[in-house]
Amino acid sequence: GSGPRRAAAGDGPATGPPRRGGTLRVGAVGKASAVNRDPHGVQVNDSDYLILALAHDPLTVPGHRPNVVPRLAARWESDDLRRWRFTLAEGATFHDGTPVTGADVAWSLRRLRATPAGATRLPGIDAGGIKADGRNAVILTSDYPNSEVPLLARLTTFTLKEDTTDVTRAPGTGPFRLESFRDGNARLVRNDAWYGGEPPLDAIEVRMFESPQAMTSALLTGQIDLASNVGPVAARTAEGRDGVQVIRRPHDMAMPIVMRTADGPFADERVRLALRLAVDREAMVRQVLSGYGTVANDVLGTADPAYATGLTQRARDLARAGRLLDEAGFDRRGTYELFTTEDVPGLAESATLFATQMRDAGVNVKVVKQESAVFWDRTWLKAPLYTTYWGTNDSVVFFAGKTMQSGTAHNEAAWKDEEFDRAYRKAVGATRGTGRATALRELQRVEYESSGYLLWGMADGIDLAAAGVGGLPKLPGYGRVQLERSWLSA
Amino acid sequence: MTPAVARIDELVLTGPAGGVVVDVPAVSGERGAVVALVGPSGAGKSTALRSMLGVLPDGLTCRAGRVRVLEHEVLGLDPVRLRRLRRHHIALVDQDPASRLNPRMRVRHLLAELAARPGPGELRRLLTDVCLPADDEMLARRPHQLSGGQQRRLALARALARRPDLLLLDEPTAGLDPSLGAEIGLLVRELADRHDMAVILASHDGDLVGRIADRVIELRIPSRAPVPSPPPVAVPSASAVPLPAPAPPTIMAPPPPVAAAVPPPAPAPTPAGGAASRAGRPVRAAARRTPALIMRRLRARTGRRGRTILHDVELELGAGAAHAVIGPSGAGKTTLARAITGLHPHAEGVVELDGQPLPLRLARRTGEQRRLIQLVPQDPLGALNPVRTVGAVLARPMRLHRRVDPADVPSRVERLLADVALPAETVTRLPHELSGGQRQRVALARALAADPAVLVCDEVTSALDAPTAQALMELLMRLREERGLAVVLVSHDLDLVARHCDTACSIDRGRISWAGRAGAVLQRG
Amino acid sequence: MAERLTAARGPAAPPAWRAGQSSASGPSASGPSASGPSASGPSASGPSASGPSPSGFSASRPLSLLLRGAAALAQRAVLLAVLLVAVFAAMEFLPGDAARSSLDRGASAAAVAARRVELGLDQPLWNRLLRWMAGLPTGDLGVTSRGEQVAEVIGRHFPGTLLLGGLAFAVTMVAALALAVVAALRPSSALDRAISGTSTVVAALPEFVVASVLVLLFALWADLLPAVTVTAAGGGPASAAMLVLPVLSLAVPQIGWNARVARAALADECTAPHVEAAVLDGLPPRRVLLRHVLPGSLPTIAAGAATSVGMLLGGAVVVETIFNYPGVGSVLAGAVRDRDTPLVAGVVMVTSVAILAVLLAADLVRGWASVRRP
Amino acid sequence: MRTALRLLPAGLIAVIALAGPLLAPSPIDAPVAAPYALPGPGVPLGADELGRNVLSRVLAGGRELLLTSLVVACLVTVAAALLGTAAALRPALGRIVERVADVMILLPAVLAVLLVVLSWQGGGRVALVTAAVAVGLPYAIRVVCAAAAPIAGSGYVEAAVAGGERLPQLVWREVLPNLRATLLILLGLRFVAAVYVVTTAAFLELGPQPPAADWALMVRENAPGILLNPWAVVVPSLAIGVLALSVQTAAEVLAPRSGRQVVARL
């Protein structure tokens, strides 16, 4: 197929040593109606999250290998995987100069835990299990052994001063200090005293855009320097234009198709396997993602260092799919509705193309597009066949725990598998080592063979930047907000 | 002789079928001369006048046409020059001025937009010239706040406003009472004499023509389109009234300029006494029964809290009787007619029909009540739907009120047309394809199609030549006899009134100023 | 030729045209006196010749106008209330609710329920509606599902939309009228057909197509105008140039629509006899059009324009998104998506007031132009 | 003959819209090129968001839209013509009709469409048509009402009332024939507006569902790639415009010519 050409040759990232100074204008998508400035609130807007992440620090942040790296917490340790002690970074202070204490962190985490979604953000950790430990440490106690606690501490564990009331004006601990904010647009200036080392940029201006298209236009006409998460269409539009670099961050977004396992037409494992064999993954990546992505193998968590590369890559095998359907006694005369929504670019398109491909296997799939609110209210977790998406590419275990183990509230495919559950418990309960590795392999094998997910590929995250911008983040998911090492060439 | 300001050398128009519809003889008009075009309704008088503005009726083809106005061949003149000619040098006062005055403009602007020197003084002068009150209140009115005669005079004032070289008048005195007509006649004569205008007018008002015209040119209906003679009516003497025999264009000797000194030529041969005796019978017949239409203390205002324009008018009318309403222009005749029909929204009083009280608001009247009283309005052009053919217009009341077997409707329509002396082919025409007199007759025919008990005619003969008017009156006479139709006739034609009505009243400033036998109107002066 | 006329009737001519005639009574017993009283005031009092007329319709005019205005306003207020009830009911009808959409998709059922209580969604519709309405007189439009004051959100965003919509409306009306008039001056000419055809096609183009094409042409290729709006510190667009493309994208389809309506209304009115009369009076085409044709077709044109306001505000949702223009349109889109009833109702209310104002104006135009018979 | 000539484009576009699916060179839902590929061999209009043949989809995408929008446009125009003139003739009725219409004008189209279509589960096309009529009607009524008002005050309507005509006849015989130009334009514009509503519905995922080819849907789906392959958006947009234009011409040509023409050139 016609894979995407690499980012325009002449306009690679700025080279040379990082230069100090300059103001970076960053665009991020956000809806005016959904602006939320509470660090522990629900961030629907990229722009809000970007601003918060620059001004506040979570305890940990995503990394490449390992996938969790220190930020406000300099290190963490646990003996039994239940009692986790996070030690704060040396010299961490708030923007007003006061040092960050364990009490501040504990208060903030308890505040986070008390939000409506708190239980899913910090699963297994009660408010009572969050305690300051001395001046610069905090202890989190999990109900069960959980090796993933540091991972859970990524993203929204923003720290405010204890007993803050006005959260929108509270000083943060991050590399930049919020100078002004209006309607989702903000200006942040360098925090010279940041414990992680002084960022090169003088300031970052965040501009909120209603749509990726508007953001792309703004970048192409030089109104902004960095357009974050614009999607493949914008990337192709920008390709070949002078003065624009296209940054690909692989494994950014999963858009699996969910087949309900508990009941309905896809309850039979053979039917699910047949569909997985009938889908043309290469074509999906090529057509839906314009090639800006990679083929996947039905296992979620592709960027995890522990991701099972040993499993054979599934490829299209219509003959075998047909046989499996026959064996299962699948009714080919029926029409099966595939529900989808337009929340993220490419989602509805993937459903459409999937439906076309299924016709080759003799399965009639009819795409039903739903408005977002309807989809989440009526379809998600309930329908026999629907698309879903996960924007942060978390670890294998994270997905297993959040969406597949039998007890979770968000078991999208209503999947219950003894073997899987056992492997999961072993994986979370195991310290790093061979036991954990085997458990993880086992877990992924079961998932590969019989889960309700059909993960055909992973979309790249795509940012556009002006030619002079260097040091841009390369990580998938929310790793894209780490702009503290970015710089502008003269 | 001074060179002609305007001359029609020839003008022959043919209809869609190819037959000649209009054939205008040579016409010319010079400065200082008043030329009158006369002839039966539908002869082409209005067409001739309009041709001098460079317009021909659409739908007709011009087989031969040479019309010169002020050294310009106006048919086919380029638009810019034509417009300038119309703007500065020619003015036409149309036959139906009511519809041709912009309803959204005030008198002030209607005059000012054409005035050569639009100043307040000039506007007042114009109004005074046409015998309209020259006060601010008048200047602030809109056309629909004027009576029919006032509208006509306003249209005349508009024409005079630009001080044209050539003044074309289409029935300038239609709908005006005799004295006002005489006044307007004097004005026209003076325009020609003192201001050196060329005036060409079309009129059926023999009186006016006799008094002011220097030359009379008679138009006739081309032989191809014979006018059906009205069918023999029940009254024996009616058939004695002949239709005008088509006469060759005659150029009469110009009468002496002081028109008023010439006694008006007697227009009709029938002696007034004969009419009175004929009219006697229905009155007696009706007297035995209760009166068909009774009106008591009828008042009308211009608005809910507006000025009163009718004061306590009383009227009684027997079945088969004919009552005339005369009076100066703007007196309230039309208002009275409309109030009877239920069309004046701000009227109060009592109206009874055949002993039954009748609501004054039309909306409260039943369909049958509406059918029983029919109005022939003063402005027939406005009262005819521009997109409906004559045939449809006439057939509709018959079907609506189910007075005629549906199968018979076409033949009844044909009969009705013949009754009002219109050719049968008129059925397919649209209102704007008719002459003024023809429209008036269509409006009358429509009213008759409903088979009413009371017919209210508002100036139904104002656009008709005397013989045609006479024929219509005979028709009404016949219906009065046969069906007991009661007629309220609003008219300024005292001869007509004297000959065809039983009783009459005169309205002045909204009050009945006189009532008595119709024969007496002529003596009243 | 006109020159000669003027010369002949120069100042030398007698000032009164009918010199000597106005006083002549002669046989005319009813001449001037017949028409005199018809013009005089409420007089049962007799033949008062002239003078100011204290007739009813001019005396009580200001008062009755005021009363009528008040009545019209009251009527509109009721309309608005009805609409708001409808909006509340409509939002109730839609699947999903604000509690769920203001939470993570991961929120538990208990959390959703708690959030419903917090947002008052557990209350019956009427309760919520009444509570919301009770706050209206004090300018309190309630709180969004994200906890902001609705009035504040709208206050921040509505001026932008008003500016955008107002400009687009002005551009629309000027352009549409100009096109319609130009076309009407040359009926069934090539120009007329071209204008009619283009405006139909243009009216069929969705705003975002126009917007995308404009961005492509003027921003990405020609680099003449900014592609998107950048918000200045004050909240408005940073430069006036940023308004050009959004205004055009909004206006172009509406120009098409209004040009068509106006052209048709003009065509209908052109058949009126009084228009013909004006032409035969030799009035210049422009005058005929402006004074004789336009007033009659104004009600239709005004109605078209009034409906355009609604569509302009609707189009603002799309255009604001594409150009990243800070306005209330995008807030409305998001609020509907989030089932944020108070916010939707608040936005609908302010846009409705704007639309109502224009509808009222259209009604006034119609009242002015309509000819009531006596 | 001239009538036939003027009808030709309308006929052509109708034929394309109705028979298009048969003419399509490749299946409408199979990718044949890269997404948003520019025109090239086999894909004269390039490819759409999924690399499908734009030409095929344009050919296939008119039928439903044409029929739905035509139905909506006719319903709206007829209903508005009747209600609007009735309202102009009867001020009391007029006030009610107009006030109801006004409320509906104030309701944003998005909300109105959502309400009708979502509350009428399984209504499908009928629900969509209903919503489109409901959204379009108030606008149309206002225009008709305004246009009919002067005619309602004319002498011939008064004469007809005095002659005993009832409301339906007044509407049908006296007023409507005089509104020819306005009504025809209205029909054309309502068609366009109907397309609009169908597009809006598609925007709310309520209209035609993928992979159906539909001009309105295509315009919307391919909008993000307008810079990559403009044809995928421009061609269906133009198709809608041309369709509207031909609906308009057809209506003008086919409607009976009546009434006086513009008498004199201005």
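Letters A, B, C and D name the chains as they come in the text, with residue numbers starting at 1 for each one.
We adopt the following convention: contacts are C-beta pairs under 8 Å (C-beta built on N, C-alpha and C of every residue); 3 or more make two chains touch, one makes a residue touch a chain.
Quantities reported herein were computed from a predicted structural model and do not represent experimental measurements.
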{"item": "Winner on C-beta contact pairs when A-C is weighed against C-D", "value": "C-D"}
{"item": "Separation of mean Cα positions, chain D and chain B [Å, integer]", "value": "48"}
{"item": "Whole-Å separation of chain centres (CA-atom averages), chain C against chain D", "value": "22"}
{"item": "Whole-Å gap between the CA centroids of chain B and chain C", "value": "44"}
{"item": "Multi-partner residues of chain D (at least 2 other chains)", "value": "114, 118, 158, 178, 180, 223, 227, 259-261, 263-265"}
{"item": "Residues of chain A whose C-beta touches two or more other chains", "value": "213, 371, 374"}
{"item": "Contacts with two or more other chains, residues of chain C listed in rising order", "value": "94-95, 212, 220, 271, 276, 279-280, 285, 296, 332-333, 369, 371-373"}
{"item": "Listing of all chain pairs that touch each other, if any do", "value": "A-C, A-D, B-C, B-D, C-D"}
{"item": "Partner chain A, residues of chain C touching it in the complex", "value": "94-97, 100-109, 111-112, 114-115, 144, 146, 153, 156-157, 212, 215, 219-220, 223, 226-228, 230-231, 233, 235, 320-324, 326, 330-335, 337-340, 343"}
{"item": "Sites on chain C touched by chain D in the complex", "value": "75, 79-80, 82-83, 86-87, 90, 93-95, 184-185, 187, 197, 200-206, 208-209, 212-213, 216, 220, 257, 260-261, 263-265, 267-268, 270-271, 275-276, 279-280, 285, 288-289, 293, 296, 299-300, 302-304, 306-307, 310, 313-314, 317, 332-333, 336, 344, 348, 351-352, 355-356, 359, 362, 366, 369-373"}
{"item": "Chain C partner contacts - residues on chain A that touch it in the complex", "value": "31-36, 41-42, 116-117, 119-121, 180, 182-183, 185, 207-211, 213-215, 217-218, 220-221, 223, 371-374, 376-378, 380, 402, 409-410"}
{"item": "Footprint of chain D on chain A - complex, ascending", "value": "1-2, 212-213, 231, 233-234, 236-237, 283, 286-288, 290-291, 341-342, 345, 348-349, 351-353, 355-356, 366-371, 374"}
{"item": "Residues on chain D engaged by chain C in the complex (per definition of touch)", "value": "99, 102-103, 105-112, 114-115, 118-119, 138-139, 142-143, 145-147, 149-150, 153, 158, 178-182, 184-186, 188-189, 192, 195-196, 199, 219-220, 223, 226-227, 230, 233-234, 237-238, 240-245, 248, 259-266"}
